[in-house]
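The same subunit A turns up in both complexes below, where it pairs with subunit B and then with subunit C.
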Partner chain A sequence: MLLQVIINGILKGGLYALMALGMSLIWGVMDIINIAHGSFIMLGAFCTFWLFEYFKLDPILSLVFSISSMFFLGYFIQKYIINLVIRAVIFITLILAFGIEIFINNFALVLWTADVRKVQVPYGAANFSLGGLATIPFMRLFAFILAIIITTIFFIILNKTKLGRSIRATAQDLDAARLAGVDVAKTYSLTFGFGVAAAGAAGTLWSLLFPINPMMGGVLTLKSFVVVIIGGLGTMLGPIIGGLTLGVVEALGTNWFGQSFENLISFSILVLVLIIRPRGILGGSE
Partner chain B sequence: MTNRVKCYLRVYLFLMVTLSLILSFPIVSYAKDVIKFGCAIAFTGKYSREGKLYVDSYKLAMEQINKMGGIKVGGKSYPIEIKFYDDKSSDSESAKLVEKLITQDKVDLLLGPYTSWITIANSLVAQRYKIPMIEGGGASSKIFSRGNKYIFGTLPAAGQYFKSTIEMLTTFKPKPKTIAILYADDKFNIMVGKGAKKTAEKLGFKVVYFEKYSSENTDFTTMLTKLKSIKPDAVLVGSHLGTGINLLHQAKELDVNFPFISLTVGPSEANFRKSLGKDAEYVFGVASWSLQMNFKGYLFKDTKEFIKMFKEKYGYDPDYHNASGIAVLAVFKDAIQRANTLNPEKVRDAIAKTSLDTIYGHVEFNPNGQIKGTSVALQIQGGEIYQVYPKGSRKPIYPAPPWKKRK
Partner chain C sequence: MKKISVYLILLLIAIILPFFSNNFIIRFVTTIFMFGIMASAWNIIGGYTGYASFGNVVFFGIGAYITAILMEKGGMPFYLAFPAAGIGAAIFGILIGLPVLRLRGHYFAIATLGVAEAVKALVDNLEITEGNSGIYVPTLNLPVKGQYYFYYFMMLATLIGIILTTIFILRRKFGYGIIAIREDEDAANAVGINTTLFKTTAFALSGFFTGLAGSIYAYQLGFLKPEPVFTVQTTVKMIVMAVFGGIGTIFGPLLGAFTIEVISQILSNYFLVIHTLFFGVIVILAIIFTPQGIIDIVTGRKKFGMAYLMENIRKHRI
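Let's turn to the complex of A and B:
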C-alpha cells in the first residue's frame, strides 16, 4: 500500500511541476509573482473543455491549441498591460496581477457560470497494474511524462537558443543585457507568453483529471507558489524537484495524518524549507 | 444649517414617518370568518432568494386550500389568509414582527421564516405566546433541542440524511457488514457524517473507516488507496458536486471498486451524470425531496400535479424548499380539522399527532417537533436517477459490478 501511496504522490508531483513551471519562469526572469497563474490554468482547462464539447476534439490534441492561444494571451497581456508598470516596485505588479486574476475569474464566471464541468473521454480513467503491486492511472502517467517533456523543451529553449540566452541575460543583469543589444521589452513579453503557455498546458491536463469550474484557480496558484518556493528560483529543475517533493510529502502526510491535513502539510513544508534553505532546495546559497 | 435645508429635512422626516406608519398598518380586510396565518420572512436581504421560495409556496398552498373550500372547523368552512411581513433577513427584526403579528394582527397561527437562526428567534416568541408555528426553512437541531413545544419543522435533520440509505442496506442480500464514511468538513456534512455513523452502528454495521476531508480537496488518491485495502461493503460520502465527481473518477483511475457507494450532493444533479457519463451508473444518492418523486398529495392530487401547477404559476421548477413550504400548510389544515377548533393548545396537540401524506412525502413529527427523517435513497440506472427506497419506482441494484467488468 505504501508503494501505491508513493506512486500517487510522484504522479501528482509531475502535475504540480508543470503547474509551477510557468510561474517559476515569470518570477525568475521578470521578478513578477503572477497571482493570476491559477486563472490562466483555468482558462487552459476551459479551452480544452469547449474544444471537446463543440468540436469533439481530443483533449490531447487540444494541447496544441491551449498552448498556442495561451501564449498569445500572455504575450499581449504583458505587452499592453503589465509592461506599463514593469519598472514599478514589486508591490504594484503584485496588485496588478491580482487585479487580472479577479477580472479573469469573474469574466469566466459570467460567461460560463459556476457550474462544475468535466471532460468525459473513454480513456480518461484507464489504468494498468504494475505486477499486482500497484495501479498506475494512465492519464496521470501521461501528465507526468508530458510535464517532463515540456520542461525539457523549455530547458533547451533557455539554454541553447539565442532567445533563451537573451532571457537569461535579462534575468541576470538588465542593463548589461540592454547594452549588449537585447530587446528587453520583447524578451519580457515572450517570457510571459511562455509562462502562460505552460499554465495552459497544465490546464489541459488538469481538465482531463479533475472537474473544472471558473473559480478553481485560487488553490492552484497557492500550490504553484509553494512548489516554486520549495524548488527554488532561477533553475528549470526547481519546479520539478519542488513538485515531486510536495506531491510525495502530501501523499505520505495525508496517509498518516488524514486527508483534511493536506494544506497544513503543504504549508508546513513551505515553512520548513524557508527556515532550512531560504532559497529553495535548488536555489543557490546566500 | 440654512432654513431651506431644515425645511427639506422636515418634509423628508414627515414623509418617512407617514410612510412607515402606512407600511406598518397595512389595510387588512377584517373580514370575519377567516383563519389568519402570520409570517415574517425575508423579502429583502441576503435570504431574499430562499425567502421568496417559501412565500411563493405559502401563497400557492393558500389558493389551493381556499379553492378546496377552506378549512373546516365545527361544521363550518373558513377560507384562510396569510399576513406577510418582511423581516429583512434579520433575526431580531423577525422576532419583533412575529410579536406584532400575534398582538396587533391577532393571527391565529404562525408560519416559519427561512434559515435556522431566524427560526430560533421566531420560535421563542411563539413559545412565549403559546401559538404553534410550523416552519419549512430551518433544519438545525438547535431549533428543536430547547424543549419548545410550539415549534414544528418539515426539514429533516442533517444527521438523519443517510438513515433511509442505511435501512436499505439491511435489506440487501448478501447483507453488507462494513461501512466506510467520508465527509466534507462543512457544518452540514459533518452532521451528516456523524449521524450516519450513529445510525450505522445502531443497525449493527461496523464502521471501518471514518474520515473527514477538506471541502476544497481535489485529490482523493490517498483515501482511495486506503479504501482499496480496507474493502468496505458500503461507502457513504457527505459530498459536494465537485468532490463527488473527483472521488468517483479517481476511484476508477486507481481501480478501487465499491459494491455500494452513496453521495449526499451530486447524483440528483444532471451535471454529475453528464460529467461522469457511464461511470455514474449504480451510484446512490439521497434527497429529502426531488422533482422525480411522486407522492399522493393532500392539497394537490399528487406531486406531479403540484409541480405542473407551480411551474404554470411561477415559471420555475420547484425544489425541496417549495415542497417543504407546501407541507407546512397541508399539516396545518389537517391538524386544525382534526382538532376541530382554533384553540392554539389543541391545534398544537393535533399537529404533534400528524400522520399525513403530502406531495412532500409522509409527514410525522418526532417528540421534539422535527419531522421524522423522510430522505429517500436514489440510484442512477441507465443514465437516469430513480427513487429506489423506500417503495421506489425501481429496485436497487446491488452489488455494483467492478470497473473492469463494465462495458
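Let's turn to the complex of A and C:
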C-alpha cells in the first residue's frame, strides 16, 4: 500500500518536474516570476483537447502542436509586452504577469466555458502489475517518461547549443553578454518561448491524466513555485529533485490527511522551505 | 493651504454624497472606499517599505472571518468584533512577518502569496470556519437605507483613518526608517535602524487596516466563503490600484482605487460576461504605460500625452 502511494507520487512528480522546468528557466535567466505559468499549462492542455475533439488527433502526437504553438505565444508575449517593462522594479513584471494570467484565463473561459473536460483515450485505463506489489497505470508511467525525456531535451538545448550558451550568458551577466554580441532582447524572447513551450508540453501530459478546465492554472502555478523553490534555481537537477519531492510528499500527505488537504500541504511546504532554506535544498547559502 | 482646502472639499462631498444618491451609488462608492483602504494599506508595506506583498488579501480574509466567528459563534456585537478583526490581522502580520520579512524581492512576494493560499486552504478545511459550505454573519438591525449609510460611513472613517495614519507616520522617525529600508536596507541597518522592528510594524499596520476593511465587508455581505474572500485577484487589485495611482504617495492608491473601480464598472455595464477579461487588459496597460502612477498628472506635476507614456516605456524597456 505504502509502496503504491510512493510510486504514484514519483510518477506525478515527473510531471511536476516538467511543469516547473519552464518557470525555473524564466526565473533563472530573466528574474521574472511568471505568474501566468499555470495558464500556459492550461492552454497546452486545451490545445490537446481541441485537436482530440475535432480532429481525433492522438494526444501524444498533439505534443508537437502544443509545444510549437506555445513557443510562439511565449516568444511574442515577451517580445511585445514583457520586454517593455523588464528593467522596472521587480514586482512590476510580477503584476504584469498577473494581468496576462487574468486575460488568458478569462479568454479561455469564453472559448471553452467553465465545464470540466477530459481527454478520453481508449488506452487510458491500461495498467500493469509490479509483481503483485503495486499496479502502475500505463498512462502515468508514459507521461512520466515523456516528461523526463522533454526535460532532458531542454537541458541539452541549454547546455550544448550556441543559443543555450547565449541564454546562460545573459543569465550570468547581462552587460557582458551584450558586449560579447548577444542580442539580449531576442534571447529573452526565445527564453520565454522555451519556458512557455515546456509549460505547453506539461499541459498536454496533464490533460492525459487529469480533468481540465480554464481555471486550473492558479493552483498549478503555485505548485510550480513549490517545485522551483524546493529544487532551487540555476541547477539542472533542481526541477527534477523538487518535482519528485513534491510528488512523493503530497502523495504521502494526502494518504494520511485526506485529499482535501492536498493544497494545504503543498503551500505549507512552499512557505516552510522559503523560511528555512530560501535558496532551495540544492541551492547554496544566501 | 490651497491643497488642504481641496481635500476638505472632497471630504465634504464624500460626507454629503450618500444623502443625495440612490443605493446603487452608495454601494459603489463604499466599494471604492474599501479598495482605497486596501490599496493604501498595501502602499505602506509595498510602496513605502519596498516589500511587495502578494498575499495582503490574507489580512482581509482573516479580518472578515474573525468578524464572522466572533459575531456568529461568540455572539459579540459588531463594535467589539470590528477592532478585534483589525488587531487579529495585525497579530497575524507580526507572526508571519517575522520569518517571511527576512526574505527579499521575489522570494518575499512568493512567500506571502503562499501564506495567503495556505490560509485559504486551511479555512477551507477547518470546522470553526464552516469550511467550503460558508459561514453566516448576523445582519445589521437597521432599515435598508440605514444599513447602506452605516457601511458607507464605516468604510469612509476607516479610509480617513489610514490616510491620517500614513500622513502621521511619514513625519515620524518610523516613516523615514521604512523609506530608508526601501532605498537600501543594508545601509539602513548600518545607520542604526532596527529594520526587523520597522518592517514588521509596517506589515502589521498594513494588516490592521486591511483587516478592518475585511470586517466591514463581512458584516455588509452577511455570508462568507473561502474562495471569493481569499481570492488572489483582490491582492492583484490592491497592487494595480496602488501602482496606477502612484506607489509611495499618500493619495495615489485612493486615486487608483477610484479610477480602476470606475473603469471596471463602466466595462461591466457594457460587457457583462467578459469584463474580467478587460480587467486583465487594464492591468497590462496600466503597468506598461503608467508604472509611476497617474497622481503626477492629476496634481499637474507632469503633462499627460504621448511623450509622457513613451518616457515611461523608454525607461524600463530593454
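Everything that follows uses one rule, which is that the second predicted complex is superposed on the first by the 284 of 286 C-alpha atoms of A that agree within 3 Å, B and C clash if a C-alpha of one lies under 4 Å from a C-alpha of the other, contacts with A are read in each partner's own complex, and residues count from 1 in each chain.
Keep in mind that, in the parts below, a contact is a pair of C-beta atoms (placed from the backbone, for glycine too) under 8 Å apart; a residue touches a chain by one contact, two chains touch by 3 or more.
Quick caveat: nothing in here was measured; it's all calculated off a predicted structure.
Of the two partners subunit B and subunit C, more subunit A residues are in touch with C.
Once the two complexes are overlaid on the shared chain, A:Asn83 sits against subunit C while remaining clear of subunit B. When the two complexes are overlaid on their common chain A, residue A:Asn263 makes contact with subunit B and with subunit C alike. In the superposition on chain A, A:Arg117 makes contact with subunit B only, while subunit C stays out of contact range.
Within the superposed three-chain model, A:Phe91 lies in touch with subunit C and out of touch with subunit B [touch as defined at top]. Within subunit A, the residues touched by subunit B in the first complex and by subunit C in the second are 260, 263. The touching residues of subunit C, counted against subunit A in their complex, run 46, 52, 54, 99-100, 102-103, 105-107, 109-111, 113-115, 117-118, 121-122, 124-125, 232-233, 236, 239-240, 243, 273-274, 276-277, 279-284, 287-288, 291, 313, 315-318. Interface residues of subunit A facing subunit B in the complex, by the touch rule stated above, are 1, 4-5, 8, 12, 115-118, 120, 124-125, 127, 129, 135, 137, 139-140, 209-211, 213, 219, 250-251, 254-255, 258-260, 262-263.
Of all the residues in subunit B, the ones that touch subunit A in their complex are 185, 211-214, 216-223, 225-226, 228-229, 241-242, 245-246, 249-250, 252-255, 271, 274-277, 279, 403. Residues 27, 31, 33, 81, 83-92, 94-96, 98-107, 110, 184-185, 188, 218, 222, 225-226, 229, 260-261, 263-264, 267-268, 270-271, 274-275, 278 of subunit A are the ones touching subunit C in the complex.
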